[in-house]
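In what comes next, subunit A is part of two complexes: it sits with subunit B in the first one and with subunit C in the second one.
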Partner chain A sequence: MSGRIGGALLLVAMATLPLWMGDLYVLAILTSTGIFIIAAISLNLLLGFTGQLSLGHAAFFGIGAYTSALLSLGFDVDIGLADPVVVAPKPVWIAFLGAVVVSGLFGWLIGKLAFRVRGAYFVIVTISFAEVMRMVALNWVDLTEGPMALNNIPPLSLWWPGRGVITLATKAQAYWLVLTVGALCYLLVASVVRSRIGRALVALRENEPLARSVGVRVTHYLVVATVVSAAIAGAAGGLYAHCVRIVDPDVFLFIYTVTMVIMVVSGGKGTLAGPVVGGLIFGLLPQALRGTAPPEVQWIVYGIGIILIVFFLPRGIVPAFAGLARLRMPRALRPSAGVGS
Partner chain B sequence: MSAPDADSAAALEVRDLAVHIGGLVALAGISFQVPVGAIVSLIGPNGAGKTTAFNVITGFMQPTRGQVVFRGRDLARLTPDRIAALGLVRTFQRTSLFAGCSVFDNVLTALHLRGRVGLLGALLRLPSLRREEAGLRAATREILDFVGLAGRADETAGNLAYGEQRLLGLAIALAAEPTLLLLDEPAAGLNPSETESFKQLVRRVRERGTTVLLVEHDMQMVMSISDEVLVLNQGSIIAAGPPAAVQRDAEVIRAYLGTGKRAAA
Partner chain C sequence: MDQFLQHVLNGVVLGGTYALLGIGLTLIFGIMRVVNFTHGELYAFGAYLTYLFVALLHLDFFLSIALAALAGFLLGALIELVLLRPLGNADTDTVMLVMIGAWIAMQNAEQFVWGGVAKLVPSPFPQDPLIIGPVSVLPLRLFVLAATLVLLVAFYLLIDRTRLGTAMRATFQDRDTAALMGVDVRAVYTLTFALGSALAAIAGALLGPMFLVNPTMGNLVGLKAFAIVILGGLGNIAGATIGGFVLALVEEFGAGYLSSEYRDALGFLVIIAVLALRPQGFFALKGRIG
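Up next is the complex of A and B:
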């Protein structure tokens, strides 16, 4: 209950931030961090709740970014037919939804493929998948412009009462956009996790034979989780494309997946707030250090931070503090007799 | 609990079931029936093939040959989750729980088959979702009450005492609404008074309309609770019948106690 109030207060503070804080640089950093937090939220659904480690999660992010960019820019591509396939530029929101759908479809494909071979094999399949996507993005120049990158991607737009269609091009608008989509994704994952589907996912993580013995269809639920996870990662990629407005094959880099994993694990995998907390810390830490320390010291601090968290809070920051709060509570209540649950 | 099929007298029929694991013959072609509404026990020395039989019946292992027919339906090549959905549910020999979850959530999770809400319903938080959740929570409390764990609902399952964990294992299986329940050594490691109350619980499960097939080493429990006892030795059924008859069976005595003269005593 107190968590819900805290969350609402945090959301209000975040939503009004551009009104009382004029620093556009900080706003831009929060925006890009927010995009990564959305990706981390999606990874957490797989890693935290089903216990499957996807080390190719940047692939879904990148597919989302490229799909949204290409659909909004329009493209023509020769795939061996008589005439090249020509796709006219689509409205940005259609492109964005396209990114969600296409990423979800790839999630379905990977889920179907990979969950026949689980555990370490799933990790390998996802890593390979991301690397293949990077190679495709790098070499299919006809479609993706390869290393020259896709430029001039239009920003997302919004119809606002009284003002007609406005493009969300300013830093504050981009910030609000990411915050809204992020809050929405958080609620979606929360809905899934707290439902019968979420319980089935946790059951598979905790004890697969037992889950099967009470009728949980393993493959079905793992595929559902991968599709939802991939679709949300695709949404994050779409936001990235329209906020940064340039997409190159580096979006598929392994380091981005690793960053997401660090955010999820340090924050607390399998908790809803975990990726948000971990994402804020490891998204903002490098920026906070940038002005104060030389680069090599920054990376050392970053590394030590990760090691300390893994060492002292192996389950992550959120579970550690939740446990602390639970320990404190009864002690505070006990003296006043009769109070308590 | 749905009523068993009236047209077939056997809840479960096993025909010539054989399992070869590599060169080892774990089951050498066993056949037996479990009548609807009965408590049937499967006993035998360690390594006799009891758990293998359970694994094959519930779809966790594939048989080398033979048939498992549940309420008139051949279970060949069905996965454990499909078999559970048909109403054939098992417990596990070693305590098996969702250890990191609360006792309440363990049972709530195990009520999976009773829920209908899919991804869309969950995402959109449809009104049907709330109604269903309320129903499932009520059912969870009812089941916890039935096994006597209502007072431990908020405890983490992994922190329960051993005896309570066995009860929770049963509660999880009951949540899947079995018409036939397979219990794999439910009393293993329990003290005599715990065993006695577990026995009463199994009787009450049967009274609710669930047929029970039991694997158990505690002979006192087996002989006092069973309508019929099947004795398995080295992959074959060597005796079957009411407890009193099986206890007098010469071959059973030999299998359990060796061939010494004192065995007859």
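Up next is the complex of A and C:
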């Protein structure tokens, strides 16, 4: 209970931040960190609560970014039919919802395909999927503009009672929106893992044959988790597209997936707060280190950092400060000693 | 028809090096259950060392390739001793995260040391292609093909005929029983990882002079090695050999007749197709699921 109050207080503090802190640069960094925290929350649903390591998560993020950008810009593309498919520009909020839906659909597809297998195979399928997506984004120039990138993506907008559609062009407004979406995603994942689905996933993570033997529809629940996870990652991608306002094929790069994995693992996989804590550290750290070392050196430090975390804090930061976390987590949701594959 | 034969030849030359990569990776996975993300970096390491020895230190071309292989062996042994042995019996995901960390650190170290500009490795072979009937081929490529075939045969003999090979096969089949029979399983692990890494480094040393050497070359190759291993069935050496040639031919024909832009995507589509149709791999004699 104290944890819940603490979380609410933290949220209020975060929400009032733009009112008393005038530094727009810091606000922009917090916004982009928030977007990656949302992506990390989505990855944690799979990696932390089902034990399945998706190393193609940037694919769902990128699909969300491209879908939202393309729907809001409008596009026409010739896919071999008599007439080219023409889509007129849609309002940003519709484009954003489209991103969530399309990413979720891809999550369903990959879940159906990939959960014929587990472990190493699943990892490799997801990596392959992200690579194929990157090459499609690079080479389907008619649709994606390829390496020239999609430019001039409209900023976020929101329908507000009594005021109609308002454009969220300022840094503070974008920050609030990301914070709101992030809080909603957090609550969504929290309710999923506390539901029947979550219990089934934990049963699966701990002992799949046993879970199967008592009638848990393992693959079904894994696919559901993948759809939710992909949809949230797509939402993060949609936010990214309209905040950064330029999307290029690099959003599918493996390094983005790795960033999410680092956030989840360092914070504590299988804990709700883990991705938030890890995300704040590894989202803000590169900004703090910026200029102190060449990027390659930063990445070397990251790589060694992952190794050190696995060796010395195998369960992550949040469980390491476990006293509080243990009190507020239902027993069934505590992370197991290992990763539980 | 001439074009067809040319694609076959190019595919076979490329396929030999792919087979070396695939065998190294499948050996490491089959025996140690380690999903080795550093494999592509060992490949880049071999290519860069060849560049260092040939272009900067002006050593003999063939000696340089041998030295690159030796260095790959030593680096592989080092990775196993420092990163993998202390983890003991940690589960697959934990080991995988450590290997991802090592991969990122190694790749950026390469970028830091060598810079982002691609390097050209000079070769002692003449630059004029040989015309053999309807096809033409660079002498360097014939050398690469011959070298990979010799290495493949040597490797089969190593696995099939030597005490080390017997110990590796025993460990593959049943680690605990092998240990009870007096096999030093830990030594087998270190040697397996070192040998697999040496194969990756040789593949890089051979392909480096054919293409350009750049810091991210290991990424795509590492993923392709996974494609080859999946195609052949995890842990299946003969499967990885065939898988290497199949992937190279698929890429070569795909690029030639379908679309050269999607050349590198074909490998991943192959992975997805294999897993949808036959998850145990096309050449697996029996299911070996990781």
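One rule holds in what follows: the second predicted complex is superposed on the first by the 298 of 341 C-alpha atoms of A that agree within 3 Å, B and C clash if a C-alpha of one lies under 4 Å from a C-alpha of the other, contacts with A are read in each partner's own complex, and residues count from 1 in each chain.
Operating definition for what follows: contacts are C-beta pairs under 8 Å (C-beta built on N, C-alpha and C of every residue); 3 or more make two chains touch, one makes a residue touch a chain.
A quick note: this is a predicted structure, and the numbers were derived from the prediction, not measured.
Applying the stated contact rule after C-alpha superposition, one finds that A:Val218 touches subunit B and leaves subunit C untouched.
When the two complexes are overlaid on their common chain A, residue A:Ile94 makes contact with neither subunit B nor subunit C.
When the two structures are aligned on the shared chain, A:Tyr302 is found in touch with subunit C, with no touch to subunit B. Touched residues of subunit A were counted for both subunit B and subunit C, and C has more of them.
Applying the stated contact rule after C-alpha superposition, one finds that A:Ala13 touches neither subunit B nor subunit C. When both complexes are overlaid on chain A, the residue A:Val261 reaches subunit C alone and has no touch with subunit B. Contacts of A:Leu210 after superposition: subunit B is touched, whereas subunit C is not reached.
Interface residues of subunit A facing subunit B in the complex, by the touch rule stated above, are 188, 191-192, 195-200, 202-203, 206-207, 209-218, 224, 228.
Residues 51, 53, 113-114, 116-121, 123-125, 127-129, 131-132, 135-136, 138-139, 254-255, 258, 261, 265, 294-297, 299-300, 302-307, 310-311, 314, 338-341 of subunit A are the ones touching subunit C in the complex.
On subunit B, the positions that touch subunit A within their shared complex are 58, 60, 79-81, 84-85, 89-90, 92, 96-101, 105, 108-110, 112-113, 115, 117-119, 121-123, 125, 129, 132, 136, 172-173, 175-176.
Residues of subunit C that touch subunit A in their complex: 29, 35, 83, 86-87, 90-94, 96-98, 100-109, 111-112, 219, 223, 226-227, 230, 234, 259, 261-262, 264-265, 267-269, 271-272, 275-276, 279, 289-290.
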